[in-house]
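Both of the next two complexes hold chain A, though its partner changes from chain B to chain C.
So, the complex of A and B:
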């Protein structure tokens, strides 16, 4: 009983810890005074309204930023999942010269901090005329997210029994059929995680977007939200409203994919 | 039904030869059991036939067609795996229908075939379940069903019963034999269990260290093993091997001797092979002391000391006590003789 009460209290505190900042941002977004601080702890006060939300959609380029972010994140996710799944599978299943070296080379790229890579990225994109171009941003996002995704997919494929592929081949599958009819459906949890990681890494990224995109029409959401901040003042109300809306797709995505995040998809396939 | 011929199959991993010049011809509709201890190369040989491993040299011929380097799909082979290898994301029906769907067979034909096999294997009730909802025995039935659905003329079994309990193993043995009777497929069945080999195979091929030691019918292998290895491997309880030397009709061994009925035996004989059932407990004869008793249900297995020689004797379920004395005599007609190198001497 005491154990149950203790765990309930811990869970309650953890929930409060997570939700209070969100409620605070909600409170700021509903105020009309663009103020960051408040004299009351009330989330909804007598002066609360949805003006900031209306203004966000009618008087700013928020919808354009949203579209830009969705486009970039969608392409990065698609590329990330496709390339990580195919490369991870090759690295997991096939023997080839230099495999070990390649694996560690991929890992090595993760050791450099993002800030250190900014200048080389900028130079490369300039030379390729990809500044102010979504393609440049997509290439950078994909290349920075891929190493982790490849390792993650490889790790998952390593856990799938080889007998299943052999059974598929005996059943008449080609290598590619074996991959997409047997291996991919069994790898849903890993694919979902990889997809989520790719999406998140581009959805809320600011630094690379800031050096790559200079045309406001191409701004992604983080850049757009930052534009509410000027040297003299910050439109906190708009900023908070935008921040809340930005978080919605991620939350929705988490809810949708949570059912795929189950372990044991290979249970029953072979004798454990 | 198709003939399967293996010619001079060699499989090496670096300098390590797993299969040494294996040649064997399997007749159409035959049930051949490959049996041998762990690591003898039997599974590697089976995988080579399936096309999952490429032999280093030699050829695999199916009905006069060399398939040594042919893709797996072109070999018309089905396989039952030791660990079932069922597709976990598919239902039992989809698992069984998978090979037919890959071949784009008509839906009606697939349904009809799956229903027929499901009835045969008594898994109709399981068709809509996923593998994780099945017991070990049911999974192996589905695995068998998947192989049968393909209607391949050759079916390979890789130790399919080794994960099942004794009761299920016996039941599945009978069912696999029954299925062989119905479909008359050519079967190559790998096992390390000599009971499975003896009860299921039309012929048994015994492998050791990558070599085929003997290929023959179960009864012939039991009665006339080619060497001591085969004699020891086939037969349960294990054969008694007694080392010694003949002088005329006397076989001398560790501190004692056996007197044989004939006057003269080959001096090449260095080991006697006596099956436990060929030693009879009698009122007279040699006297031995019971060291240990194993109750096998319908029979008893006695471990006895005859001077310094330890013998296994199969007998009825009469009352025996550890430490008590018994008298025994040998069935001389069934004794198998081996020379110094362990090879059987035919005319001893």
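So, the complex of A and C:
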């Protein structure tokens, strides 16, 4: 009993901790006066209204940004999952020259401070005429998300017993057929998580988007949101409303796939 | 078949996205106009496009700092906007880098004389910017509901401010403040310095900080806060603005850009000069600058150039300026418009021109950046009471001189360069040797029918390599180069100078220690909170799904939003955290963001919030693979919950947690968003830095690209060795590969 009560208290506190900032953003977005502060903890006050949300959809290019973001994230997700699955499988199941080196080298790509990569990114993209082009953005997003995705897929494949493939091979499957027909369907949870990770990394990315996209018609959501913010005059209401709406698709995605979340995320292998 | 279809669709999708064409002459205009001004610009540009159907104008908003760094990178890549609109102080750096077109060739002398000299921004006696408006200056803005006539002298000013500082009787802070302004920022502080006698800059580019005027101004600001108690104890721009708009500050020091905001908030406000300082008999001097248009030097085609010139002339024309003045009350740079009723019958603009008489022109030299930066740190130390005004003034001078020296230095190749060449040559030779050797092995491997794994892996690696390799090599080259403000267009390799500089700087080790503490504390909390929550959810709670979803929310929200939100939450006056502390726990408000330790704690809390859901999910996944039977037999042996945790759960979770924690360490070590945004780029006094934010600052604030690249390489090497070490220890203790 005591165990139950303390546990419930801990969980409730943790939930409070994770939800308070969201409520704060909500209360700012409902305030009509473009103020970022109020001396109250109430979320809804007498002056609350939905003006900011209405304004967001009618007076700004929010829908264009949303479309662009969805498009980019969708392609990055497909690309990321496909590439991570194939190479993760290879790294998990096959012995070949340089495997350990490859495995470690993809980890090292996470170790260089990303901000210093912006300038060379920009230089190479403009030499390739990929500025103002989603293709450049997609290549960078997919590749920067890949290292984690590969590790994650490899970890999951490691947990699948090898006997299955041996059986498939006895039945005359080729390597690729085994992968495609036997292993992939079994790896749905991991594929979903990898997809989610790819999606999120491109959905909320700002720095790279800011250097590659210089046409407002191509802006993604983070760029659009940032345009409400300037050093001496920020549209707090619009910013907060936009921030909430940006977060909603991700939360919804999380809820939809929550049953895969737990079984799918395996960065390391469990030897049970 | 299906796979083929899938791949083809994927490729088609990617290609269709990349198609993007334009047949008109496209001109880009980058600007930093605030939200309300942008609509005027948009309309003006639309009219221009109607008159010139063959030209398409793309106007892009960028926040001031970002405009600067984005324009620099764009120019390096050989592109960038044709026209930029921004404040005059960006001219010095841009011209030094060779990015701007001299406008003397564009306008005739006669045309230029129609403009206020202040709005003709010159550097080394050549014109590079033509102002749209003059101003961008600070003044005293007062709420007429509280103050009928603005105070004339400092003494009166302090008295009025004290009269208007009303403390709540129940001890919950102030009902009203006499004065609020962004006083921790040097730009808002320097007018006072000049008021005490001496300007903070000499001959336009030499810092003049070690003066009694500086010390006097330092102590005055400290007194505002501690002695007279007329300003909030912690006050950034947003908080000051909010206080004034709410009528909770009787006076504010702010610029002409804020008028629109106050009008919209229905504040009955008036503007006035800073109060006369009796001691010197002078008025504090706000810096008066201009915001205007400049032309990119490297415009790609004659057609574009022609169209950009047309647009430039159009935007600076009398008609357009009149329109700006009419719609958003900018103080026009064309002298003729100032004589029209539009200006003369506008009481605010009238008063503004009187205030500007006391002002000083905004310095445009690149050196001023170094002055701001060195002043900021020491000034904040004075405010925090950790340094005397006199000492801070002389140290600020020293630091400014040093930073200017570093900024302006053009390093020459030294002896180490030859060694570098030799090392490069050897490295390339060894690399080639191993590459051909392993290539031969791989080829023979493929020949022996083991091609499958290689093909599976190839696409991903090509992707990663194509994106990572060039930037990586580029950075290594930069780290051995003299790339900085003055060598923007023609940098060359010079040797290991920057590495020596990094490794002999005590500040580096100090920040390294901070970074390690930062990383370990973060990952400790991520893992422990994550594991505890996972165990409770998995083993005790009903309705696992609901708890899981709620607890995942922090992971789902984009980081930059999180960081800014938390900064708002820690606000001394308006942040919910302090309101909660006061209303429910009856504690006095904490000044979170003005002391090093609390700021660090604030950043830590933010990052813990961001990071624990990931570890929780990892742990939940791990828990599911622990067979129930293990717990059952433990219960039979009479194990209590703690024993079960330490003898079963934790040991069986470690294989899953370890790699996740390693990744977590790498990510946390290199996370910039949280530190940069929550602490407002390292405040107070640059004491809230970790290595990456330090790199970022050196590169983008002080133009020290070579130095930053070297520091980045050092960070990279530290992380590579740390994770190799971790892997080695891990292997030794568990004999398992991670």
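One rule holds for everything that comes next: the second predicted complex is superposed on the first by the 259 of 272 C-alpha atoms of A that agree within 3 Å, B and C clash if a C-alpha of one lies under 4 Å from a C-alpha of the other, contacts with A are read in each partner's own complex, and residues count from 1 in each chain.
Here is the rule we use: a contact is a pair of C-beta atoms (placed from the backbone, for glycine too) under 8 Å apart; a residue touches a chain by one contact, two chains touch by 3 or more.
Fair warning: this is a prediction, and the values are worked out from it, not measured in the lab.
Colleague: Which of the two partners, first being chain B and second being chain C, lies in contact with A:54: first, second, both, or neither?
Modeller: It touches nothing on chain B or chain C.
Colleague: If you stack the two complexes on chain A, which partner ends up touching A:182: first (chain B), second (chain C), both, or neither?
Modeller: Only chain B is touched by A:182; chain C is not.
Colleague: Determine, for the superposed model, which of the two partners chain B and chain C contacts more residues of chain A.
Modeller: In the superposed model, C touches more residues of chain A.
Colleague: Could you look at A:21 and tell me whether it touches chain B, chain C, both or neither (first, second, both, neither)?
Modeller: A:21 contacts chain C only, not chain B.
Colleague: Quick check on the superposed pair: does A:254 touch chain B, chain C, both, or neither? Answer first, second, both or neither.
Modeller: second
Colleague: Which partner does A:170 contact after superposing on A: first (chain B), second (chain C), both, neither?
Modeller: first
Colleague: Do chain B and chain C touch any of the same residues on chain A, and if so, which?
Modeller: 264-271
Colleague: Write out the stretch or stretches of chain B touching chain A in their complex.
Modeller: 50-52, 72-73, 77-79, 81-89, 98-99, 102-103, 130-134, 136, 139, 146, 150, 163
Colleague: Which bits of chain A are touching chain B when the two form their complex?
Modeller: So the residues of chain A touching chain B come out as 161, 163-164, 166-174, 177, 182, 185-186, 264-271.
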